[in-house]
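By letter and in written order, the chains are A, B, C and D; residue numbering begins at 1 in each of them.
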């Protein structure tokens, strides 16, 4: 019963097979190989737009490199107070941007509210005493397991662009949001104004692969230098590109995300019915945050279930994350145990 | 006939198998998994010393993180003028150290000469107007395909330590130097005074894996933060550790290096006999630099051989790199073509 | 009627005279001169403690250099949401620390509340995914014109030190707080646990001079390098030291601060009596924030008074700052105009 | 007999007077004052060109800020091996540029030779593995006390611009070079292709004042942010601007430089005649480097003369620097002592 994180899961068989498939023979290094070229073409098709693609191995690298490309050292990135970039990346955005500031803004269900952003813009733009708002970063799906609608993104992007800010999307769980909303990748990104996307694959079945996707290649002009000087340019790039290639081939990424989301839905429905249970947020991806009676939590842990208490060791709100390969039996076992412990 | 670089080769079958072998089931993320623990223990055995180990995916990351751990922003790293850190990492050491300076020092056969270092130390130590010498970085094997002897390293380390500098070793081709010299990993590192080692595996058969190895774990105290904020902490760490684990298991790393070195020796002997040929440096690893008549070079390229002219497009000195899996037939074909073109 | 800022005022005659007094003859450069030595001795006397002193020209430099000395790049500085370092220094602390994060925490009257700090510590200490709390920064006097009591500082310092954090004090208006509280410099700093102080003189009568004061010189070991590489080491240092020397000689700094504070008190008492007026915060230094009827504000501006509306162009809360040389007549004229406009 | 450095001298009376002259009354802070506006206009006149001017207090700040404006973090600055930016600024250019590399190039008499630069360009431009050549920095007058001719500068600038590099001039002793050459400020800067100039005043009579001068204001767009976040924006800016204003008023800067240069010429002529003496470089500014018999050096030091042995404590090459206010009697006394010691 592994619900601690989607990064405790392994690699999708299709992706593992892809590594073996590209292993024969020599290939040009540092991205000059045919697999990488094919990947860029596939992502252009997928997003229905010209793209500049930079595969890297971690989400933190993708976010930090992408943000640094659109934020000067004296800039500010407006983001949700709970955003991964603000809370869980050990100052990586500050490091990569050479000192930019993240401005944490709270908002319900992990989302930035348009009004809260409007209240801060144009803010101190042009005044050299203050950090210069340079980007808005949206997490899709959010850290609360919810998903921004295309219209929400578009409204925020319009505000951002009106004031000269870029729109960054941390898509570590982009697939999960996408399949929940039932929209196209284009609708969720550039059509809604997103300028640069961290297109995550690791949590959804890759070994370690994310693509930084720029919808305006002109913005990516310095990226080859940024990536290399950060040590994120793989010499045997084909193995990074092959993961991403397999990920978007034959809908693997969507299948994996649907599987994970469906498990989250089953958990939400099952747990939601229990006495004393309360879901903190709508469940729109593969994470749920649920308040449960202490005895239920203690009992689930004792039964071997893996999960985190969300707000510290005495919290009675737990986070459950369903991975791309979570077993139906695991979900059933968890629900049965919870139900039994809750006294139904 | 692939001699352009050892990073155009693929993954050793044993390493690819290791990825599959650790893929079953869930594993704790970010390095809390058993594969990573096992790796650290194995490397302690291998080096016969307590070690702190930080797996990362690229050599540039390994070098830049390791150097930053021992060099303050106002520090200087003394290194060979041709060192990878100085020439081929796009200012990564400067980035990671927040502004330290690399001091390039020339020397024959890619090696730093003790006397040249002595002439620079203590130099400006203590004077706030000048960069503070903080580390000496040695490349093993060197960029010229030669290998420092343990005694050479020990003499340089003694000088470094006498003045409070740390000794860093860029071991992107550490295995190649080791098997050439026929010494133990301990003799080539901490017994000779090395403080931090980039233990390379990628060029010698891994997908993308290097270990930063500290022989004094106290020096590594900040490394978890440095690695994370750089985006080099893998969530699914087991797949990085598994590569390194397989690499040092059952002597794979030594076998691969011996194979590559032997091919380089064959090339050196065969080419060295040709009229008009001259080897620039002793061949002590898996690289050779050889001056050849222009018609031989042109002919080899026309025959499909992959290699680089070393000093620009009109240079008649070519670099040949033999990978862990270079075919004997490829070597033979190259030598035959060269011999024929040279008119023998 | 200049109440816009204390940095619109000029130089105290005593300080200007000191520049001329040290101008005769040659002097060793970069701080090896006797004026600088004398200054360090005087500050040790003044603070009744061994100190390491680093004169610089701006408050932003003092804060950023001092904070960087106690905060690693992966660190976090807990500070008030309205702190100068957070709002008005254009990411200087982030720049100098190579990427540390400021954590803004709100609190009444510009002060950090102990309970709010306790709720955040130890927080994520030791977890490499998160910024590491490294320092607490207090502004004295605060940006709201209030002053921390020695007991308040001591309680916060005890918390900080218990968790290994340093205590930084932005003392751009240190003198103003000191004379208001009627305590000694020692009581307001190291006796209350302060580790590093930006000892401001510019706002209180200097040309451009602040001293970074470390109460534990061991913490300052790297400061000569930090200051030099930031371009903040003056070649003709005597002229920076002479300003600070004159500042603390014969009580000039206290006289200037008392004059400014007294003017602020007169304004507070006079304006506080007006109908529709409300002081936002206790007036404990040389700043006051007062809500006034719009017609009074408009009228004052029309009468030529200089001040800022505090919360944007339509705010009816204005900030008044009294400089070290504010004229009694200016204060009287302002109060009379305000009284007349308020219809009394 | 003070010949150790021109920064041991004090402030020109005219500049000290200017500080007092602008001290009356309040003035807008942070550069919005009329003195600063006047300065910018005067410099535009002086240089016969539109300029963007940023006064700072130190030469290191001027160089580091100016270079960072034209060099990305992955960039390289080509400079003379003995340049102040490379040797004497404690990695300030690396700090301000967030990690750019200085490429030291040797050359006779402290000058970069065109051929040596041509050999390095375009070099690795466009290749993400290598630092990207971004600027050439010239020191005028050089660290050897020589001066680049306008034609030399123009040839280097043409090369730089052909490859997209900017031309930076470290003009810490700009006035000394200018009066030696007898050309106009325009001829020595933008007409010869200089893009950004550190216009030094401190060594030539100011308290602490340098102006970063951009001849294409578009390049200076980010400078207000860069300067502020570095802590180099003075709140009481009028006192920085007033120094520079007085410096260029009524030819003060030229008079001071001529005086210093003339003293250097007298020293050169007098010492050059002594048996065993040899001037290392042409004397074209206010520095000279002269080899003398050891007994002469020892005797001069014993007689109280201040100077540096140039290449370490046993060197018999000494550096003499003549300040703007060096006394004729000091020069005479030095020459007489040297002559006597040399046995004439």
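A few points about this structure:
Just so it is clear, a residue touches a chain if its C-beta (ideal position, glycine included) is under 8 Å from a C-beta of that chain, and two chains touch if they have at least 3 such contacts.
This is a predicted model, so every value here is computed, not measured.
Two chain pairs, B-C and B-D, are compared here, and B-D has more C-beta pairs in contact (counted per touch definition above). Centroid analysis (C-alpha atoms only) places B farthest from subunit C.
Annotation: 51 Å between the Cα-based centres of subunit B and subunit C. In this assembly, the C-alpha centroid of subunit B lies 42 Å from the C-alpha centroid of subunit D.
Multi-chain contact residues of subunit D, defined as those touching 2 or more other chains: 30, 73-74, 89-91, 95, 98-99, 128-129, 225, 228-229, 233.
Residues 2, 5, 7-11, 16, 19-20, 22-30, 56-65, 89-92, 95-96, 202-203, 207-208, 225, 228-236, 239-240, 306, 323 of subunit D are the ones that touch subunit C when the two sit in their complex.
Residues 73-75, 87-91, 94-95, 98-102, 128-131 of subunit C are the ones that touch subunit A when the two sit in their complex.
In the complex of the two chains, the subunit C residues touching subunit B come out as 30, 72-74, 98-99, 128-129, 132, 222, 224-229, 233.
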